[in-house]
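Below are structures written as structure tokens.
Shared between the two complexes below is chain A, which pairs with chain B and chain C, respectively.
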Partner chain A sequence: MFFQSHARTAVLLFVLIGLVLYAATGSYFAREIVVEIAILAILAISLDVAAGYGGMVSLCHGAIMGMSAYTYAILSVKFGLPTLPSAVGGIAAAAVFGTAVGWITGRTAGIFFIMATLAFGQMAYTLIFKSRWLGGDDGMGGLDRFDLSWLGINLGDSLSFAVYTVVCLGLVYLAAAWVLRSGFGRTLSGLHSNEDRLQALGVNTVIHRARALGFSGLLAGVAGILAAQHTLYISPELLFWTVSGEILIVVILGGLGTLVGPIVGAVLFVMLKHEVSEYTNHWHMVVGLVLIAAVLAGGRGIFGQIEYWAADRRRAGKEQSAEAGDA
Partner chain B sequence: MLELKGVVSGYGETRVLHGTDFVVAAGSVHALLGRNGVGKSTTLKTIIGHLPLQDGSIAFQGSSIDRSPQVNARRGIAYVPETRDIFGSLSVQENLELAGRLAGVNPEWTIARVIDFFPNLKDRLSNGGQELSGGEQQMLAIGRALMTDPKVLVLDEPTEGLAPIIIQQIFAKLKELKSGGMTVLLVEQNLSFALGLADDVSLMSRGQIAWRGTATDLRNDDVAHEKYLGV
Partner chain C sequence: MDAGFWILQFLNATQFSMLLFLLSIGLTVIFGLLHFVNLAHGALYMLGAYIGISAAAWTGSFWAALVLAPIAVTLIGAVLYFTLIDRLRSAGPMNQVLVTFGLIFVFIDLVRIGWGDVALGLNAPQVLSGATDLGIVSYPTYRLFLIGLGAMVMAILWIVLSKTQIGAMIRASVENEAMAKALGINVGELFFAVFCVGCALAGLAGVAAAPVLSATTGMGISILIPTLIVVVIGGLGSLEGAIVGSFIVGFIETFSAAILPGLAAILTYVLLAAVLVLRPRGLLPARA
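Up next is the complex of A and B:
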């Protein structure tokens, strides 16, 4: 079950404020990095809800995000809708897609679930890749960002846009934390630890899996809108399975089932990518080595491992003071 | 309340039950006994729907049980597995709340009543499921089953691996449930525990019921003892 410790709040605020400061003091390039981190972190939180809490390791979160981005593009470019309802439509499409995948794969588990989500993701990718109406592999352009001039904010400005994505990241975190702390979050934990037992307590696990992936899809949908608004151009690459794989790497790197870990993972992943690629093109190899180290160290991820150490030290401290009390 | 007729079931191709029949009367405690590997746990898993019924019938309150454990649970069959299966990532309170979501508007069993019933759990409410002792886990597993407001409680070896003093406590609690009118189907290796609680007894051998009678009958039947329970 999710709990918001002081350490988590502290790390969350530290990262969010750090990102805003980095964007505010940095160059255009720094702001691009902040946007990239924020979008990846939202996706990683979305996957953490499904995989870390619900035990559903999905390889279609890239596709879910892409569905949102494409729906946003279709509604605003093809049908000429204003940006806000288009964004709502995009997020809803992602939630519906997630729910559908969860519903259909509701009785599969483990490797079969992973393969099924991979298949759904690739189906969505192929569908869009082959669609002439959607521009095929050329993608779609002509997108707009929100018009927030009534708030005195110009999202066309790189700093404002970077701050806006960080605010969205904060809101997504709050939404995920709120849902995971509800009764639904408990059911999700139960689903993860023993699905049979949950069924024997009368819980319809298929519906809950569908709901979980639907909510996770909704969060991924937010990332899709931001991705579309970021580049103002979208291509089927967004839906390709390697994007989903990258999200999974970020979650595992940061710490599965910690919600803050995925944000830490996203920061690390994007930073490593940009720093290392200044020296070599093989930045994937460096990320791979870090990932292997993180997995071999116990699979808790970087943030998860730090939490584990802290808990260990607290326990040791308690025992010591208990011994002192005895003496 | 629960009636099994010619039940055939097992794991995939391997059949374990070859025509099991017995009836659990409402308000009684029915003990299902026998040596290891005769099909006791398989019988329970088939009743709740974890294993598919390959032949025969199982009726609960006059109508056939469902293929889905979830539907059977909603109809009032609560199962406490041998492994207890506490949700380790949830606290004691959360384990109970999760099960309680199923109960109706005016549940008979609330968290307060479960804690009243198992006072050991009171100080452990905020503890994680993984931090409990075996006895506390068993109490929580039974408490969690009660939170679904069951009509029949299906228990698989509730005393397994527990200290004698804890076994006594659990015994007293099940006795209390029984006098409250709860129907119980009990699989148990601990003979004195089972006979102390049970009204009726079925002895299983090779996937079938080989002997049936009351607990008193069994106490006086040395032959059945020797043949189906002795080692």
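Up next is the complex of A and C:
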């Protein structure tokens, strides 16, 4: 179940403010890193809602994000719509795709769910990869960012764009926290911990699963729009299943089911990637080894592990004071 | 599109199905028996191809490579079993997916360090090079050899699983592990043996595929998805399921690529979706 503890709020604010300061004081390269972190963090939050709270370990979140990015590109480049409606369309497409996958896989669990999402993600990837109309493996260019000049903001500027992605990250977190605290979010946690009991209570688990994956897809759709606006070019690589695997890695490194943890994970992942790449071009081997170590160490992730220790100490403290009370 | 065209497509499909079978049988039995999701199975196949190419270069013989590569891959698999897989058996599918996903990254980079980033080829032995005249069409001899190799492995596995005591023990353990243990079957040893056979077959598939497909660092990832589809369509843990699934996927992919190139890419995924919705346990599940 989701709780917005003070510690979580503090870490969240610390990271968000830190990212803005890093972008404001750093070079162009630092701002690129901030954008990369923000997009990855949004994806990780989206996956955490599905996997950490709903127990649905999806391997198609890369594809969901890519659907949003491609819909944005189709609407704005092919049909000439303005950027804002195109973005809404892209996010809606991601939500619809997520809902559809959730509905079709509603009766599968565990490894079957993982495989099914893998298959649907690859299906979307292959469709786009083979489509001449969408540029195939060459991808699509000619995209635009939002025109926020009426607010006096020029998103073409690297600092403004970095701050804009961090603001989006904050909004996505708020949306996720708000939904998880609602009755629906509580039902979702219930689904995760005891599905039979919820069915006995009369809850339609398939519809809840579909809705949850739809909401998660909506959040991933935001990341898709940002990714498209970041490089102003999209390619089918966005949808490949290893992208989804990397998002899962970020969630695990940060802390599954903590919502703040995935943001911490994204910061560490991107920072580590750029640091390690300075010394070796075998960055993926480092990720693989870190991932294996993280799972073998208990799989709680960095933020999750710290929360676990803190809860442990609180429990120990309570027991001590209880004993003192007895004496 | 004359008869020759169809015969060629039929042979191509059969050959691809055999390759899928060699990979999926190991994966499905490990799945069914150990409840373990090994995404690194494709990486073992890649290692089989690269080790086979080096073994052929050292010994100068393709046949030596065909024997040595599966042995080497089995040894790697055994190390993995004792370091990671045994302790992850009860850790749940997500952790297994994550760790074996990490292993894919590690193996790919190890291959890049050891063999470099270029595609490597392997020459088929003299006897199997060239083409064989089959009357209406002539077909590469090596590909016919691959079909024969797959059929042989299929026959051996079928005999072992259905006619021998070991096979009965394996089937019993897939069906009901606790009961098999109670009957005195050493399930742990059995699991290890089955895992090793699965690794050996992945290595065999890798070295056998090398003369046809040439070895690249991406080969493990690209074969993994069709293999997983075979396993899910067929039903986890069943030999019949792996055979049927391999032929379904192999034939659909080959024939749709020849007849309906537009649809080819997604037909297998549509099939997988249909199976997951209509028969979530696969077409021929091992457990009744």
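Note that the second predicted complex is superposed on the first by the 322 of 327 C-alpha atoms of A that agree within 3 Å, B and C clash if a C-alpha of one lies under 4 Å from a C-alpha of the other, contacts with A are read in each partner's own complex, and residues count from 1 in each chain.
Methods note: a residue touches a chain if its C-beta (ideal position, glycine included) is under 8 Å from a C-beta of that chain, and two chains touch if they have at least 3 such contacts.
This is a predicted model, so every value here is computed, not measured.
K.L.:
For A:186, using the defined touch cut-off, is the partner it touches chain B, chain C, both, or neither? Pick first, second, both or neither.
P.N.:
first
K.L.:
Please determine whether it is chain B or chain C that touches the greater number of chain A residues.
P.N.:
Ranking chain B and chain C by residues of chain A touched puts C first.
K.L.:
For A:51, decide between first (touching chain B), second (touching chain C), both and neither.
P.N.:
A:51 contacts chain C only, not chain B.
K.L.:
Touch check for A:276: first (chain B), second (chain C), both, or neither?
P.N.:
After superposition on chain A, A:276 lies in contact with neither partner.
K.L.:
After the superposition on A, what does A:7 contact: first (chain B), second (chain C), both or neither?
P.N.:
After superposing on A, A:7 lies clear of both chain B and chain C.
K.L.:
After the superposition on A, what does A:202 contact: first (chain B), second (chain C), both or neither?
P.N.:
first
K.L.:
According to the stated criteria, A:284 is in contact with first (chain B), second (chain C), both, or neither; which is it?
P.N.:
second
K.L.:
Sort out for me which residues of chain A touch chain B in the complex.
P.N.:
1, 183, 186-187, 189-190, 192-194, 196-205
K.L.:
For a test of understanding, state which residues of chain C touch chain A in their complex under the given definition.
P.N.:
For chain C paired with chain A, touching residues are 31, 37, 84, 87-88, 91-95, 97-99, 101-106, 108-110, 112-113, 221, 225, 228-229, 232, 262, 265-266, 269-270, 272-273, 276-277, 280.
K.L.:
Provide the residue numbers of chain A that touch chain C in the complex, in ascending order.
P.N.:
Interface residues on the chain A side: 51, 57, 59, 104-105, 107-108, 110-112, 114-116, 118-120, 122-123, 126-127, 129-130, 241-242, 245, 248-249, 252, 282, 284-285, 287-292, 295-296, 299.
K.L.:
Touching residues of chain B toward chain A in the complex: what are they?
P.N.:
Going by the criterion above, the answer is residues 48, 50, 68-70, 72-74, 78-79, 81, 85, 87-91, 94, 97-99, 101-102, 144-145, 148.
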